[in-house]
Every structure is written in structure tokens, then in C-alpha cells.
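The structures come next, written out as C-alpha cells.
Across the two complexes that follow, subunit A remains constant while its partner is subunit B and subsequently subunit C.
What follows is the complex of A and B.
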């Protein structure tokens, strides 16, 4: 096993050696289930209202087009899943560098055969694998709905490509915050803060001009994720998420260099 | 410094949270935002001083300066990547109905914009439909000179009053000094608004009347008001032509539409049509099986053969109350401007149709072609009247199965002018009930455009999206929750807990 793979394995072993990983995965599954169930229930109630007012049983002709599984169930749930990722990914990333730094093992890590780039990449890969696992857990329930409602696999793929890209970007943000802090709590809170600020800039429209709003919109995680949720996979959006990851990794690398020179 | 930064982040977080919750800049929000900004600034200044002290040593500078350059380079690469990807406009529409693949008609309309178009989306906070509209507008903006803006209705009361907007999720299209409102935006409604704004002048179509022809004003299922609207949207002006009272077709006519005449036309009317065509006019004839109107003989002079049978095709559309086989679902097209964009995946539905074929060319330079065909298993029923009354079609003795053409065209160059004729063996396919079915409207509009010598390079129209509105029963919903939604997290928690406890005890 190469040192790089050994590092990834060690990261995953440490992650799953603590209850945080299982709790996070359980939370993902549970939140998805409850949010999904609630939307399905409300959707059924709306359909029931329409079907009773027509007096002739269920009649699709009288239901407005926007009352459908995609708009009433699938898209809102995916929106909430995106918010859930913001809430849970920092829990998984907070310890990645902070723990090493707090325990003093970061210097040990730097003295191995691994280059700083490999260290950053190894920790990044383990984070991404965990994000992938989270999304796999959250996928099961919508997939059941997909089979029942025949929504279309292509659309679901688009949504999960978007969620994965968002998860990778959030994971990268979490890594930087963890890399610059010794405290896991500070790492998590700062990751939340950065993610929430980057998530949506529409609130700034009250204070700044239209051009600035357009610029900030282009930087917004929410705006970029919106296309995927609608079933549109855009190369520009993927490049945006990849760009966040690239910058985050080079910042994490800087943090390692700072540790080295200290 | 870290403590200051931490406190600053928490304070800003509370400030933003309060703003989100109350939607106003109260004292609490402002105090938190200012305090947070101040704390972060102090932390940043302190941090930068420490960094400068750290960078003071030559060894540190040697290591860290290249890293700072690497970060700047990574930032540049990221921005360049995003810009290049954005410029390439590559995107994949993974929706089930390909809702964001713009039709060729929309692309053509955007390409022909005489001036930049401004599309402003007016919405209420929390309206779930807005996101779809937003993505649609972004897609449209990539295909043409379109500037997209967004306005919350609460923040733009004057504009809402000016445009008389009734509901959230409305788009106002502005082109020069004109505007159009698009409510419940879809690609189709956007295109309609755009065409109304562009007001392209396409010509004058004369609609024949007086011999029982189809009614272009009737909005009922059997009427043709939908076709009239669609033609007007394409820039045509429609004028009535009472054949019984005219001796000549007006010269301004780009084409004459003759849709389902029920009675025989006067000889003078036929003469007028003949003279018009010989002078380079154009005719689009939609002829039902059954009536003998005299038009058949006129079309015969121009090389068309119209059988008096009714096509029965195993590839038939299921229409309520109709006998099986009498509504051909066609998917076989010859390559021609009238059928441009149509292929085996873009079918058209005909209803009780008669075969039409190009038989012979009146002159050497003329060009006649059959364009739209039934399946090879089609045959002709002889009892047309009975089938139209609902009886089963009867097969003529010795009648073979073969492909029957249902649409034929002819062009007749005569010196500097060129007459054009399109003949359909059916008219119901363009009625209000069936015009928007499958690709019927595309076929009909292509025919009108070709006959009136207009470009039909890009004319496929956007198709409406049919949402999935089937309910899940309460039982299904509960079963899904128990079987998948709750069981999976439960198992994860138990499994994870057991592994963790074992590791801990080991």
C-alpha cells in the first residue's frame, strides 16, 4: 500500500472510529426521510383537496401544472438536502487537520515520505469519500420515490451530481477552516460561517447595486446548485465548484507550510 | 487573535441570522454586523502582523512566498476555468422532458432580435416556481442578446402597477419601447411573447370561406382559431376570402388557405384559383375524404392525384370513440423544407385522412413530391361515409397494403414567378383539438411558410411539458417511510454504535 493510500485509510479508520461519522450518517438518513415524508404528505393532501372539489373523483385536468411531484416534493427536498450538507459536512471535516494540530501529530505527518500536496490530497480524498457515503444514504429514499413516481433517472442523476459538487466544495471549505485552527469547535463554526455567507447573496440586494448583485450571485453556492436541482448540468457550475476546491486545497497547503516554518 | 476572529464570526452570524428572520435591519442586526466587522478587522490586522513577523526570516520567505503565488495562481486558474466553461455554454439537460433544450424556433427568434431584449422576472419571496423560471431565463440568455433582471414584487410596487402584474412568477419582456408580459413562463409562452414583440411581417394569408370550409374564428374543439393565432404569431395577417363572391384572388395574397371545403366550388371560383396559381400564387389545401368540391380536379391539373378512399393504418393514434386504424400516426417523412426538423421520433397525428400523391409534372421544370407517409401496413377503406359515421372500415377486394402519402407538394417555376402548392389529405390534424398534438403544428406552420416563400430553416416549436401529477396513496407513503426512510438510519445507528463500542472496549 502506498503512503498516500495508507493516509486515506488511516483518515477513514479514525473517522469511523468515532461516533461522529455514524451519527452524521444517521442524521442524513433521518432528516432526508422526515423531510421527504412531510412533503409527500402535504402533496397528497393538496391532491386530495383537488380531487374532492371536482366531485367526480381524481381529475388531473383541474390540478394546476405546478402541483406535481417534481415541484412539490422533489425540488424542495433537494433544496433542504443542500442546506443539510452545510450543516453536516463541517462536522466531518472539523477534525481533519485540527486534531492533528491539537495532538501535535501534524509535525509527525510532515516528517513522513508524504509531500504536503499528498497530505492535503489524502485528507481531501477521505473527506470526499465520506461526503459520497452521506449522499448514498440520502439517495435511497428519493430513489424509492423515483421508482414509484417514475420521475426519471436522468433528473435524479443531475440533482446528485449537484449535491456531490456542493458537498465537495463544502468539504474543501471545511478543510481550510480545519487547517487553520487547532480547535475543532472553531474549525466547525468558521466552516459554517463561510458556507452560510457563500450560500446565498440575495440579501445583499437591499444594500448594493445591480452589477454587484449579479457578481455576488455568480459566487453564490445556492445559485450554482439551482441548475442541478432543475435537471440542468452546466459545465460552468461544475467549474465553479472545482475552482473552490482548487483554491481551498492550495490554502490548506499554505497552512501546512506555515506549520513547517514555525 | 483567534478569539477575536471567533467572536467576530459568531457576531456576524447572529447579525445575518436576525436579518434573515426579521427581514429588516433592526438595531440588533446592525449592532451585531458592525461589531462583527470590527472584531474581524482587528483580528485580521493582528494576524497579518504576526504573518509579517513570521515572513521576516529569509527561510520563511523562501518557503511561503511561492505558496502565496501558488494560491494566487490557483485563484486565477479557477476563475479562468469558470469563465471558459461559461463561454463554452456547454450544459446537459437531464430533465425527463428535455425542458431546457431550446427549440429551433426559440433560437431563431432570439437570433433575429433587432435590439437587446430585457427580461425582468417579478416574484414573491418563497414562490417555488421561480427557480425553474430563473434557470429557463439563464438558458435563454445564453442563446441570444438577452439581459435578465429580477425584482421582488414588494420592492417594485411602481413597476408592478405600471405593467399591471397580477401574480408572482411573471416575466416582462422589453424590446426598445415595447413590452409584453409572460405569465406562467414556459419556453412556449416566452416565445409567444417574443414573437408578439418582434412583430415580423410575414405576409397576408387569404382564408377561403363560403363553401363550408373550416371556421378560423371558432374556439371550439373543431374550430381553427388555434391555427389562426399560431399563424398571426408568425407574423401573418389573415383575411377572409369568400370564393363565391370573387372573380380573382387579390394580388397581395402570400398564399390561399383552403381548409376542408364541404360543397362544390363555383366554376368561377375554380377559375380564379387556377389563374392565381398560374400567375405564381400559392395554395395550401387541407382536404377531407368524402366531399367532391372541384378542387380535386384543379389539383389534378397541377399533377396531384387524390384518391376517394380513406387510409386505414395499423400505426394509428388512440382517439376516444374512433375506430382503430383510422387515425394514422405518421413518422416517415421525405426530406423537404415542409418536413424540416421532423423525423421518426417526431410524429404527427392525422384523423380520418385520404391519400394524396404527386402523379405527374405538368411541365419539365416543375417539381412534385410526396412528403409524409403512412406505415407500410396501411390500406384503403372504400366505405368512407360509413367510417365517418363510426362504422368499421371495409377493405376493397385485392387492396394491397403499402405506404400511402398523406401530404404532397409541388412547385411550378414560370419565368420570374413560382407557384407553390401543398396538399394535405386531412384537415382535422390542424383543428384546435389536435393542432398541439405531437408535431402537427410544426408541420402545418412549415407548410404555410414554405408556400408563402418564407424561410423554414428553424421552425420546430417548444413542446408543452406534461407534469406528473399521480398521487402516492397514504399507504404507499407510509410504507416508504417505514421500509426505507426510518429503517436505514436505525440500522446505521445500531451498526455504528456496535462497532464503536467494540473498538472502544478493545
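What follows is the complex of A and C.
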């Protein structure tokens, strides 16, 4: 086992040695199920209305084109899954560096053959693996839309590529916050703050001009994820998420250097 | 790499934390195979000094060499020689003892059969077999310190740095740890950081006393720690002596 793989394995062992990982994955399953079935329930009620003309409903022939499983269930669920990632990913990342600093184990880690770059990369990879697992748990219900709503595999893949890219970016933001704090609570709260601010900039329209809002909106996680949710995989959007990840990893690396010169 | 241990040299080594000088122009040489004690009261600069040797901190001025390698620019070479025993609590409480040793061995570049053999050997050498499957965080302090020593020996380092290895242990546990360190005398270089004079007398051939970041004394253990006068070296108003 290389030092890098040993670190990834240790990170996953520590993560799954605590209840946080299981609670987070349970939350993912529960939230996805609740959100999915709630949207499905509302969609079924709308269909029921259209199919019960004798009871004062509408004629099925008048069902507007936007009333379909894709627009009424699948897309809103995916939007809410993106928000769910903001809520849950920081729970998994808050301890990654903070715990090492608080326990003093960073000193032990830095006395091994692991270089600072490997340490950051190893922790990042374990975070990615966990995000992947979260998405796998969430996949079950949306996958049923694949069979019943003729969404097409490509659309589903596109959405999940977007969710994965978003999850990786959120994980990276969580890592920086963890890298600059000894407290897991501070790491989680600051990760929430950064993620929510970055998620959507449309609220700034009350304070700044339209051009600035457009510019800020182009930098928002929500705007960049939107394309994937629509089934469009764009290189520009992927580059945006990769950019956030690279900046975050560089800052996490910097935090290790700052420890040495502080 | 020296056959009996690594040579450590510091030249005018200095570390400041803003206006506070934690290590002030310390120059000393630790010979291969030597058991060297670094003494001083709390806050004297001992831990900062060893952190400069391990490369965890960068010096403000001066330099460190381990077998001629700098922890600043040649960190990998220095780490390959280094075994580090931190204070008791600096372990991963959520890992099992065997898993922890496997991780540290892996992180030190051991793999496959060599890793399994070394872990097995370390468990046996430090009498950790009965607790091999237990969580590190659930062990007594004595066992935790054995785990800490075991991880430091996994890849047979030529330089062992032990920072307060008996701190917080009961007398029996302290004796166990001292026995382990005593057996290393002449086998490899040991830098023992402590404020326990009896421990230094029992384990070290030479000692340095640090006071307010400076070397207050340096020499053979019996000479430096001879009689009650040695206690004066620990007082904050003691004169710092040139190395």
C-alpha cells in the first residue's frame, strides 16, 4: 500500500468509525425518498384532477405540456438534492483537518512519508468517495423515473455528473474551512456560510446593477448546476466546478504551510 | 544513513513566534547512537526545538541537519530516518490498534508482507497483542503510549524523537516506557525531550538544558545534573550559557 492509499483508507476508516457517516447516508436516503414521493404525490393529484372531468376536474386532452414527470417530479427533486448536498457535505468534511489539528495528530502525519500535497489530495479523495456514496444512495428513486418517465439514461447521467461536480466543489469548500480551523463546529458553519453565499447570487439584484448580477450569477453554484439538471453537460460548467476545487485544494495546502511558519 | 543512528546538528537555530523567541540561537550536535536528553521547564522551548528537527515548524534563522539533510528542503530524506513519539493523546482514537499501526506503516512506505510482518513484530515487541483489535481511544494511557512507541519503531528509524514519552503515566507505566528506551541505547539515536531529571539520568548519556529558548547547559548527564545546583538551570532567571 502506498502512503497515499494508506491515508485514503485511514480517512475512510475514521469516517465510518463515527456515526456521522451513517447518519449522513441515512439522511440522504430519507430526504431523497421524502422529496421524491412528495413531488410524485402532487403530480399524481394533478393527473387525477385532469382525469376526473365527471367530478369537476379537467379533460386529459387539456393537460399542459409542462405537467409531466420530468418537469413536475424529476427536475424539482434534483434541485432539492443539490440543496441537500449543501446541507450534508459539510457534515462529512468538518472533521477532516480540524480533528487532526485539535488532536495534534497532524504532527504525526507530517512525520511520515506523506508530503503535504499527498495529505491534501488523500483527504480530498476520501471526501470524493464519500460524496459518490451519498449520490449512490440518492440514486435509487430518481432511477425509477428513468423507467417510467422516458427521461433517458443520458439525462440521468447528466444530472448525476452535475450533482457529483457540485458535491466535489462543496466537499472542497468544506476541506478549506476544516483546514483553517481547529473546531469542527466552526468548520461546518463556515462551510455552510460559503456554500449558501455561492449557491445563488440573485438576491444581490436589490443592491447592484443588472450587469453585476449577471456576472455574479454566472459564478453561482445554482446557475452552473442548472445546465446539468436540464440534461446539458457543458465543459464551461465542469471547468467552473474544477476551478473551485483547485482553488480550495491550493488553499488547504497553504494552510499546512502556514502551520509551519505561523 | 548511519549504521547506529543518525547525526543531528543544529547551527544557530532560532524560532520566533511574533515577538516571542521560543528557540534562540541553539547550536548542538547529537552523535549517531547517542541517547540525548533535552531538558527544561515547561515553556523552555523543548517542543519547539524538536518540531524544528522534525520539520513540523520552519526555523526563523539558523539550520538543522539530520545526516546532512535539511528538514526544510529535504524533508523526505529526514522523515525516512525519523520515528516520532508524541504525547499520549496524539493518536487516532477511532482506529483499532492494529489498523493504526497498519496506517502509520503504510504512510511510512511499508507495504505488503513487509508491512504485515512489521506490524506483527511491533505488536509483539510492545506487548500490544491483547489489545490489537481494540480502539486506540479506549486504551489506558500506558497502552496508548506503547502504541505511540510501536508506531515510531515500525520502519526501524535511525533517529527516535520522544516528546515527554512518560508524561501522564503511572510509575509502573513510566518504568515500562523507560525500559524500552533504555534498550535502544547505542542502537539508534534517541532525542528525549523531558522535564524529568530522574528520567534523563537513567536514559541519557548527554543532556542539554534549555531555558527561555537558549541552551543553559550542555554536557554529559552526570556533570550537568550533578547535585542540587542543576535545578538552578531550570529557573527562568538562570544565565544562558554558550553551547
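Heads up, the rule we're going with is that the second predicted complex is superposed on the first by the 254 of 262 C-alpha atoms of A that agree within 3 Å, B and C clash if a C-alpha of one lies under 4 Å from a C-alpha of the other, contacts with A are read in each partner's own complex, and residues count from 1 in each chain.
Keep in mind that, in the parts below, a contact is a pair of C-beta atoms (placed from the backbone, for glycine too) under 8 Å apart; a residue touches a chain by one contact, two chains touch by 3 or more.
Everything numeric in this text was worked out from a predicted model, so none of it was measured.
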When subunit B and subunit C are modelled together on subunit A, clash or fit: fit
First, second, both or neither for A:239, with subunit B first and subunit C second: first
Which superposed partner A:260 touches (first subunit B, second subunit C, both, neither): both
A:132 touches, of subunit B and subunit C: first, second, both or neither? neither
Touching partner for A:112 - first (subunit B), second (subunit C), both, neither: second
Subunit B versus subunit C as contact partner of A:6, first or second or both or neither: second
Greater subunit A contact set [subunit C / subunit B]: B
First, second, both or neither for A:196, with subunit B first and subunit C second: first
Vertex subunit A angle, Cα centres of subunit C and subunit B, expressed to the nearest 10 degrees: 150
Contacts of A:87 with subunit B and subunit C, given as first, second, both or neither: neither
Per-pair minimum CA distance [subunit C against subunit B, superposed on A] in Å: 5
Footprint overlap on subunit A, comparing subunit B with subunit C: 17-18, 260-262
Complex contacts: residues of subunit B adjacent to subunit A: 2, 5-6, 9-10, 12-13, 16, 19-20, 25, 54, 57, 59-60, 63-64, 67-68, 70-71, 73-75, 77-79, 81-82, 84-86, 88, 90-96, 99-100, 128-129, 131-132, 134-135, 138-139, 149, 184, 465, 467-474, 476-477, 480-481, 483-486, 488-489, 492-493, 495-497, 499-500, 503
Residues of subunit C touching subunit A in the complex: 17, 51, 54-58, 75-76, 79-80, 82, 84, 86-87, 89-95, 99, 102-109, 111-112, 115, 135, 151
Contact footprint of subunit B on subunit A as seen in their complex: 16-19, 21-23, 25-30, 32-34, 36-37, 40-41, 43-44, 47-48, 51, 58, 60, 63, 65-72, 75-76, 137, 140-141, 144-145, 148-152, 154-155, 157-158, 181, 183, 186, 189-190, 192-193, 196-197, 203, 206, 210, 226-227, 229-236, 238-240, 242-244, 246-247, 249-251, 253-254, 257-258, 260-262
For the subunit A and subunit C complex, residues of the former touching the latter: 1-3, 5-7, 9-10, 13-14, 17-18, 103-105, 107-115, 259-262
